[in-house]
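Below you'll find the structures, each written out as structure tokens.
There are two complexes below, and they share chain A, which is joined by chain B in the first and by chain C in the second.
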Partner chain A sequence: MSVNKQKTAVNAAELIRNNSVPIMFIIICAVCIPLAGFSPSYLFNEIITRIGRNTFLILSLLIPVMAGMGLNFGMTLGAMAGEIGLILVCDWQIVGIPAMILAVIISLPIAVGLGLFCGRILNMARGREMITSYIMSFFINGIYQLVVLYMMGSIIPIKHSNIKLPRGYGIRNTVSLLRMRQKLDKLIPLKLFGADIPVMTFIIIAILCFFIIWFRKTKLGQDMRAVGQDMEVAKDSGINVERTRIISIVISTILADIGMVIYLQNMGNIATYSSHSQIGMFCIAALLVGGASVDRASIGNVFLGVTLFHMMFIVAPAAGARITGDSMIGEYFRVFVSYAVITIALVMYETKKRRARSRVGEQLKLEQGTGEEAA
Partner chain B sequence: MSSGKKTIIIRMCLVLLLLVIAVICFITGRGHTVYFDNKAVDFSGETYPAVYKIEVKVNGEKAAKLYEDERGMADTMGQSFSMVVEMTKEKGDEPTAHAVSLSLPYSMDGIILNIPAMMAGLPPEAYLSEFVQAPEPEAEESEEVVTDEFVMEDL
Partner chain C sequence: MNENVTENKSIKERIDGLVKSFGLPRLIIAGFLLLLYILAPIVGADLPTQLTNTINRFSWNAIMVLAMVPMVHSGCGLNFGLPLGIISGLLGATLSIELGFTGGFSFVMAMLIATPFALVLGSVYGWLLNRIKGGEMMIATYVGFSSVSFMCMMWLLLPYDSPNMVWGLAGKGLRTTISLEGYYNQALARILHIRLGNFEIPTGALLFFALFAFGMWAFLHTKTGTAMTAVGSNPVFAKASGINVDKMRLLSVVMSTWLAAIGILVYEQGFGFIQLYMAPFYMALPAVSAILIGGASVNKASIANVIIGTFLFQGIVTMTPTVMNNMVHMDMSEVVRIIASQGMILYALTRKTEGGK
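What follows is the complex of A and B.
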């Protein structure tokens, strides 16, 4: 009986240790929600909107994790491609759902190109994929700014003055997507508990979830999992490791591209020079809040993460304002927490890895000792 | 057929399909802003006066209610445009409703429709013209912001 109790206690401790980040966030939300004083219908509406807006982008991170490439900070590259597509479509005065489809089609080759480039670079920096992709996002951001700030309007024709800077070339800080705003979300109108449910966006997210589940079972998906577990073993078993890793990044970049178009249609405007820069960080933070780690992430982690992370985003400023009388504290708190969560998750991952390694070492030592004794 | 050739053909078909979808989106997704004018117009030496009141319905919803010399607008997608015009010629008259369908020119972002001229059965050049936005005033030169970033001399 006592052995059973001990086992249960150990299992509970293990469960808490493995899910410490989501548990921490559940506690934060549980404390902040009553302090913020928002009505349940308001919170429900906000959460539903944010789930629709962000989930596709976060799902784009799953495939590189599966291939053992960690959290793809390079998803920003796909987001930039999506923005370029939207800017062009906006200048051509294409509106509504066709505008979204056209933006995705235009940006697709850019996303594929950037994904190929990113994948190749990451193959050269094996073991340091995350920091490499993070720095690469800054590098590509420089090129993006060159294109958007100097080439658009001078080399790439941009006709409309409401998009172009007054000097005649370059794109304004904000591009309005008013005639595209929430067209996808409101394609199938549904109101539930006072909240507008973005049915079509949820259908697209569901399709992507099924695609990811199906993809895991395909030959390529199995190869990616094998590569993610052990590259050397995968190579010995005849898998083209480098190609598999590149494909995972290309798929992630394409999904990020589509995700960014969905995200911006919900927002209704593009912050030309900053929309993409924070997106990678917030998506990764949301995934980690859902209990994912660098080498393990599931669809469940995505949904839990997006709900908890954005719940904190909604309630933290109001709770901060209620406690301190200054809403800036709450603003600061949510940004601080998103960076902190990434740090904690990375530290925990590294600690776990080292602990596992030392456990294996000890076991080997023990086995060697018993072998020598027997001899 | 070898599998390599088959793959190339499938990929080319996919690219072609995407191109076809892009072209369809490009044509059907073109947005226009249609402006409705209730103003007098001169055509072939004849004057067509504005009427007392015009109500325009687009997709069953009221888009504009115009008295003399007023302008209304509606956003639309695609090249075919349908509306219902309810015209009251004089105050106290019964309004008469007319369903109107017309094809909008692709190249124009903003299109002005002069409703009295259109209802009088005049040709498109009499009632349809392009809306040209007033040029933006010259932006004042912004003050140069001086920062010490990348200034290596101080090091």
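What follows is the complex of A and C.
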């Protein structure tokens, strides 16, 4: 009886420890929501919009986690590819859904190329994939600037001056996507509790979820999980480890590309030089808030994460302003929280990994000890 | 290398040898900088002014690059958490002004005040890094980011009220940039300052760096310094020979954090302003890429790497805009800088590390 009770207590402690980040966030939201004083319908509306806007992007992170490559900070690469596609489509004055599809088609080869490059580099930097993919996003950002700021308009033809800088080449800081703004979200109009539901976006997200579930069961998906668990064992059982890892990054980059197009059609404009820079950080923070870790992330984590993280994002500035009388405090607070969450999640993952490793070591020692005794 | 052997080798082999010992990207960057210096007078930029700029910027940044050395030696990798040390330095700087110190003395006080902050924050940071061996660099990055964004709130909330630092209208909350005019602007550079026409040397600041560089060199040759290097190159061996691995790593992190704090103060005395809020955010990356350009790797770094690296990196930063502007009337320097520095970090991360990790 008492053993049983102890066990449940241990389980509860384990449960809390494993889900400490989501629990922390639920508490933050619970404190901030009444302080912010928003009406429930406003909050509901905002959350639905943000779920539609961000979920696809966050889902793109799942496959590299499965392949044991950690959180793919290189998803920014896909986002940049998507932006290039959108800029070109915008210049060609194509509107609505066809524009989005065309943007995806144009940017697809770029995303695949960048994904291949990123995957190759990450194979060379095994064991520090995350920091490498993170620096990779900066490096490609430099090349993106070279292309968009100097080559567009001078080498790559850009016709319309409303997206060009006055000097004749380079793209303006913001490119308006007015003609495709929320075209996808409002394709099937539906109003629920006073909020516009982006039905079509949700359908696409659902399709992607099913794709990921299906993908896990395919041969390639199984290979990826094997690689994620133990690269050496996977290699011995005849899996081409390097190729599998590259494919996981390429898929992630492509998904991030499509995700970015969906994200920007909801926003209605591109901040040419900054839209992508924060995307990786916010998506990863959202995924971690949902209870994912570096080696384990599920679709459930994505949805819980996107809801909690963006709830905090909406209410924190208002709550901060209410408490301190300074609206900037709230702004800084939510940035701080996103970074702190990533830090805590990374630290927890590393300590857990170390604990597991020392446990395996002890077990081995124990087994060896008994073996020697028997001998 | 034996001279006779070198002579017998074909030119291609010799170039190969040079590339191997110096590293291809480093060679490209050094060649690029040389090209910029040759081009500068041709396109009409004043070479002495350019050299002065490079040397000035060298003197501002060198100590922050030096801060990378201890952690690389103890096997903690590149200190992407540099902003934590920078925060300590900023606390020292702002408190020194708040307490009413002026002139060159405020620089000494800023250093003194920053030290306890650096020691405490560095210890906590070191303790954290000891718990997560193997994943240092990623977590260091985020420790830096979190601390910067946390301090963003603190700069607004802490009860500073020196009229030279707070927002004029509200009377509270620190400004984003604070002028050091009347405080320690050029405090080091002014000492023994040399001027030859357009060519200037901030002797004091260079000597100050030389002092630290020599100190670091001497430290690495003491018993503790050697132990630290041993921990970095082979932790198992170091443990077997009775070195307290965790203590060495902690010491290296504290040293790195403290050097970063001093480094930002030296940077400010040259630059003339204190930059708060998001400014320290990406300051780790230039320092990291500078030491890598200088020939360091993730687990090997020397004082020479620091000096060569800072000179090359700052050379490119100062030279590209001028030469590019004069040549094609197009300021591509920012893009060139990003690609060169991030490319360098990427290159270093993909190298196989020798020794056990």
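Everything below uses one rule, namely that the second predicted complex is superposed on the first by the 373 of 375 C-alpha atoms of A that agree within 3 Å, B and C clash if a C-alpha of one lies under 4 Å from a C-alpha of the other, contacts with A are read in each partner's own complex, and residues count from 1 in each chain.
We adopt the following convention: contacts are C-beta pairs under 8 Å (C-beta built on N, C-alpha and C of every residue); 3 or more make two chains touch, one makes a residue touch a chain.
Small disclaimer: the values here were computed from a predicted structure and weren't measured.
In the superposition on chain A, contact of A:358 is made with neither chain B nor chain C. In the superposed model, more residues of chain A are touched by C than by the other of chain B and chain C. Look at A:108: by the touch rule set out above, it reaches chain B but stays clear of chain C. Looking at the shared chain after the overlay, A:93 reaches chain B, while chain C stays out of its contact range. Of the two partner chains placed around the shared chain by superposition, neither chain B nor chain C is touched by A:222. Applying the stated contact rule after C-alpha superposition, one finds that A:240 touches neither chain B nor chain C.
With both structures placed on the common chain, the touch criterion links A:41 to neither chain B nor chain C.
Within the superposed three-chain model, A:166 lies in touch with chain B and out of touch with chain C [touch as defined at top].
Remark: chain C residues 80, 128, 131-135, 137-139, 141-143, 145-146, 149-150, 152-153, 156-157, 173, 285, 330, 332, 334-335, 338-339, 342-343, 345-346, 349-350, 357 touch chain A in the complex. Taken together, the chain A residues at the contact with chain C in this complex read 121, 124-125, 127-128, 130-132, 134-136, 138-139, 141-143, 145-146, 149-150, 324, 326, 328-329, 332-333, 335-336, 339-340, 342-343, 346-347, 349-351, 353-354.
Put simply, chain A touches chain B in their complex at residues 92-99, 101-102, 105-106, 108, 160-161, 166-167, 179.
Here chain B touches chain A in the complex through residues 18, 21-22, 24-26, 28-32, 75, 77, 109, 133, 136, 138-139, going by the rule given at the top.
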